[in-house]
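Two complexes, one shared chain (subunit A), two partners (subunit B, subunit C).
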Partner chain A sequence: MEKLIYIKKESLKNFLEKISKDYDVYLPIQNKKNGIINFDSINILNENYIMNLKEKTRQSLKFLFFPPYESLFEFEYKKDIKNPEVTEIALSKPGNSNLREKVIFGIKPCDVRGIDYLDLVFNSGNNKDPYYLNKRENTIIISIGCSIVYPDCFCTSIGGSPFNFGNANIGLLDIGSDLIVTKLDESEKIKKFIADYKDFFEKKDMDDETENKINEIVLQSNKTCSTNWKKINPENITAKMESTFKEDALWQEITKKCISCAACTYVCPTCVCFNIADEQKDKKGERYRCWDFCTNYYYTLEASGHNPREKIYQRYRNKINCKYNYFIKRNKNLYCVGCGRCIDVCPVGMDIREIVSSIISF
Partner chain B sequence: MVNILENKLKEKISSLIEELEIIIGYSESKAPLKINPVFIKTKEEIDRLIFNNLCVNNLATYSYYLSADTKGKIGIILKPCDVKSIIQLISEELLIKNKIKTIVIGCNGIIDYKKINKAVNYQKIISAKLDENNITVNTIDKSFNFKLKDFFAQKCYVCNIYDNPPYYDEFIENDLKLNLEKKKEYEDIEEFEKSGLEKIYKFWEEEFNNCIRCYACRNICPLEVCRDKCIAQLDEPHWQSHKINSSEGKFFQLIRIFHLAGRCTECGECERVCPANIELLKLMKKVNQIILKLFDYRPGLILDMKPPLLTFKNVEQNIKDEELI
Partner chain C sequence: MEIVKNLLIPQIATVKKIINETTNIISLQIVLDDNESLKNFKFEPGQFGQISVFGVGESTFVINSSPLVKEYLQFSVMKTGVNTTAIHNLSEGEKVGLRAPLGNWFPYKDMEGRNILFIAGGIGAAPLRPLIFYIIENKNKYKNLTLLYAARTPEDFCFQYDINKWKNSGDIKVIQTIDNACYGWQQEVGLCPDILEKLKPSFENTVAVVCGPPIMIKYTIEVLKKLKFSDEAIYTTLERRMKCGIGKCGRCNIGEKFVCTDGPVFSLKELNKICENFI
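Here is the complex of A and B:
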């Protein structure tokens, strides 16, 4: 009979505290004052900051690996008074601020997928981004499947599922009293992790009752999620995006209410655009990168003053095409994970499902 | 009752649609407790229009950019408080009066989504039902029943123009009247200030820790028509750092409040849309409170009055030279 590995929910707190002695542990933590849930260090937990594994975080996981602002290096112009025609530039890289390994606990499968896509951008072939990798490497990802599916979730429509753990190291399924381990990767790192904390990973034989329970939860979540939107076929959608690209009137119509803020792109797990700037005071300065967003006027503004995407509909068209066309051509996958965060935060009720649907039915 | 009002609205729009190029109004949304702005051009689309206590959005936001993109006249469905934004834009000569037809509906209060969200302990709202006096809100495992009167937006408690808009082209009367216990204007600001500078600073420190500089506050504001020319995003000259962190967020907000001093009509859109739930309206109100004291001026009430910060007097009544030093 199949062996079942599980973590008892009542020992979860102890488990997390125990691993926080050896790892930097990050959890979805809710600020009770304003209700916002974000991934944060276990160390900030107190009566005002509580763990919340139920709902999606406001910010996706990219916040940890690709922060809104990070310093790339610092520079300083140096001159020797005896040799004034020569200017030397001294560079200093920010040190590895943190060498401890990380455990990120309680990630939803859609966010795991988001990280898989970020890896395709920052860590594929020869394109390796050291700043990203520095944070991304040495991370153990423990995901919990979605026993609860919310109305703005649509991962099943675009090739995901509430229990598809992708590249997560450990996948858990919440059956109420326990967290059942349904995915465990084969790496040495994880074998060691399980062995180190074996007191918390209990084992028993799979019984009919538990098996039925698991099947029921998986079935129900998939069912609920699939009613939130229709299935999108990546190949058909690229063709449709191409054929509608020049239909300006259509794009104008469906993006009329957009106010071109960054709310949707900044909470998106897959949006990775950034801007690089130098800031200098006297002889010292810093080069940094910070998030940028394609729905903003300045994104494509050229030095000449010409802006190829002057209007909101042109910029929004690029955003949708990036996710539902260009990325598919490069990586065969939709560049959207179906988390629904963009729908949740939009000030004017833009719903990416409605937008894409109206393009499909055009 | 609500349907009678909606029917009146639809009738009115039917009689106006021929002369207007486009009409901005409210329509149903799939998301609970929210509505969608809708842009209609034809008679067939009129049936999509709705009006109820959830019509929070200030549609004046679209007036400036849309009027630049259209040849004909634009109709905008507004609440009496939203008209203030239009008045302000016209008095600042940012909008041409003849380009806009203001269709104002009497209002009996609007619901503050964030207040309800707080009352359900910030759990995600799955569905909701609204009737004349009550609201039923369902989260994933619980159902809540609330009295509507406890969940109106802050501005409703000081509103005195709900059935008497300061300006309109068409007015649709609402049989339901706003029936709230009035609060004193800026009472909340005075209360907040009692906590002392140190606590106030700590409060904003914490609030802005969540700011991601998404500019939703700026872009939703009906008066910030400068969103594509914003100094916060300029590269050359590099007025403000583009870093996304708490201190730059605060600095950007300081620019905003000074920019809106004596202009802000306190519609509360910036606070509503903030994905970091920052209480931005407090800042706006503070500046307006000072403007009121100095110039005895409330933005957005008188159409042909020059806003005080767009002009000057040789001697200001309420500003004493010695106080300036």
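Here is the complex of A and C:
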């Protein structure tokens, strides 16, 4: 009979505390004052900040690997004493501030996929990004499948599922009393991890009751999610995006509500465009990068005054095409994970599903 | 841990010489401070660099010195915004940051054995300059070379010192045109596309390389198409607002292409495959 590995819910707190001695642990934490859930360090847990593994976090976890603001290097103007005519410039790279290994616990499968896509951007090809890699390396990802599916979830429409753990190291399924291990990668790192904390990973024979429970949860979540939107085929969608690109009237119509506020891109797990700028005080300063948004007017505005994407519909069209066309051509993947956060935060009620549906049916 | 090269940190370089090209364009000749890097520095005609004035910011400029010149790198800068104003305020001997070379280049090997028609508008001559130098140096591999160079007024031509040399040597036929007639001007008068139409260059075995302001590129390409140039035989080099220059920050995309890594040099054939307009 198949052996089940599971973590008892009642020992979860102890498990997380134990691993936080060896790792930096991040998990979804709810602020009780405003109800907002976000990934944060286990160290902030107290009576006002509590763990919440059920609901979706407001922000994706891209900020852990790609912070909203990040110093690239510092510079200092120096006068050469021997040769006072010449001003030298010294550059210093920020050190690796934190080399402790990370455990990210309780990520939803859509966010695991989000990390895969960030890897495609920052950790592939010739121009790898050392700032990203420094944070991304040595991370153990423990995902929990979605036993609750929200009305704006649509991962099943674009090739995901509430229990598709993708590249997560460990995948768990919450059956109420226990967290059942349903995915375990074969790496030495994870074998060691399981061995190190073997007291918490219990084993038992699979019984009918548990099996039925698992099947019921998986079936129910998949069913609910798949009623939230239709299935999107990556190949068909690129062709449709291409053929409708020049239909300006269509794009103007479907994006007319957009106020170009960029909230959607802020919470999106895959939007990783950034700006680079300098700050300086007296002789010292730094160059940093910060999140930037293609829906913003200033994003493509050139110094001459020319702006290739001057109108909101042109910028929104770029955003949708980036996710449902360009990224597929570059990396063979839809650049959307179906988390529905953009729908959730939009102040004017735009819904990416409706936009893409209008294009498909045009 | 994998050692990854940090491509966002510039190298320090010194401004050796500043040349006034027009009333608002200067050329900088800069030299990398690190001798080893300077010795090993190689670039291809059409590639660009990012110049930093630390504390102000970084902007994108094409390398316009000859690839055969090893002593310095030249960039031409029009005073337009905050960064370019800071660059204009630099003096010889001051320090800048440089990330280069970036981007692709003109496929000069594919152009061997053919006539080459260079068409430049204003500062658009800058990306063509290293290519012209390279091709003149290797002129036995190429057929007839022609440069049609348009500017608003006689004072708006950059690199007049090169043009005079080229005219004297006869290596390349140079035709200059200005927008409106003015006293003492003895060459063509009219907009670049109109003069091109009047010159009627043969499309046969000819490659056209066009660079200039967007509107000039647009109408020039229309005339080239009228003259039966094929999409494969028309090259241009584009610009967009850029930050990282290495295909990460997302800013310079035209459709699925990034100008910084897939470009800046594109054939019209490639550009026509992109759904978004490149002008």
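Simple rule for what comes next: the second predicted complex is superposed on the first by the 360 of 362 C-alpha atoms of A that agree within 3 Å, B and C clash if a C-alpha of one lies under 4 Å from a C-alpha of the other, contacts with A are read in each partner's own complex, and residues count from 1 in each chain.
Note that in this section a residue touches a chain if its C-beta (ideal position, glycine included) is under 8 Å from a C-beta of that chain, and two chains touch if they have at least 3 such contacts.
Here the structure is a predicted model, which means the values were calculated and not measured.
**Student:** Overlaying on subunit A: subunit B and subunit C, fit or clash?
**Tutor:** fit
**Student:** Is A:151 in contact with subunit B, with subunit C, with both, or with neither (first, second, both, neither)?
**Tutor:** First partner only.
**Student:** Of the partners subunit B and subunit C, which touch A:285 in the superposed model: first, second, both, neither?
**Tutor:** The answer is second: A:285 touches subunit C but not subunit B.
**Student:** By the touch definition at the top of the document, which applies to A:93: first (subunit B), second (subunit C), both, or neither?
**Tutor:** Second partner only.
**Student:** Output check: A:69 vs subunit B and subunit C. Expected answer is one of first, second, both, neither. What do you get?
**Tutor:** first
**Student:** Of the partners subunit B and subunit C, which touch A:267 in the superposed model: first, second, both, neither?
**Tutor:** first
**Student:** Residues of subunit A touched: more by subunit B or subunit C?
**Tutor:** The larger set of subunit A residues in touch belongs to C.
**Student:** Looking at A:332 after the superposition, I want to know if it touches subunit B, subunit C, both of them or none. Which is it: first, second, both, neither?
**Tutor:** The answer is neither, since A:332 touches no partner chain.
**Student:** Please compute the subunit B to subunit A to subunit C angle from C-alpha centroids in the superposed arrangement, rounded to the nearest 10 degrees.
**Tutor:** 90
**Student:** Using the touch definition from the top, say if A:275 reaches subunit B (first), subunit C (second), both or neither.
**Tutor:** A:275 contacts both subunit B and subunit C.
**Student:** Which partner does A:302 reach: the first (subunit B), the second (subunit C), both, or neither?
**Tutor:** Second partner only, subunit C.
**Student:** With both complexes overlaid on chain A, what's the closest CA-to-CA approach of subunit B to subunit C, in Å?
**Tutor:** Taking the overlay as described at the top, subunit B lies 5 Å from subunit C at its nearest C-alpha.
**Student:** Which residues of subunit A are in contact with subunit B in one complex and with subunit C in the other?
**Tutor:** Correct list for subunit A: 275, 277, 279.
**Student:** Using the touch definition from the top, list the residues of subunit A that touch subunit C in their complex.
**Tutor:** Per the stated touch rule, the residues are 72-73, 75, 77, 85-89, 91, 93, 121-122, 125, 127-131, 133, 137, 241-242, 245-246, 272-280, 285, 287, 289, 292, 294, 299-304, 306, 308, 318, 321-322, 325-327, 329-330.
**Student:** Where on subunit A is subunit B touching in the complex?
**Tutor:** Residues of subunit A touching subunit B: 30-36, 38, 54-55, 58-59, 68-69, 148, 150-152, 256-257, 259-263, 266-267, 275, 277, 279, 288, 290-291, 293, 296-298, 343, 345, 347-349, 351.
**Student:** Can you check the complex and tell me which residues of subunit C touch subunit A?
**Tutor:** Its residues touching subunit A are 1-2, 4-10, 12, 52, 54-59, 80-84, 93-95, 97, 214, 240-241, 243-244, 246-251, 253-256, 261, 275-276.
**Student:** Can you check the complex and tell me which residues of subunit B touch subunit A?
**Tutor:** By the definition above, subunit B touches subunit A via 29-32, 34-39, 57, 61-62, 117-118, 121-124, 126, 140, 206, 210, 212-216, 218-220, 227-228, 233-235, 238, 241-245, 269, 272-273, 275-277.
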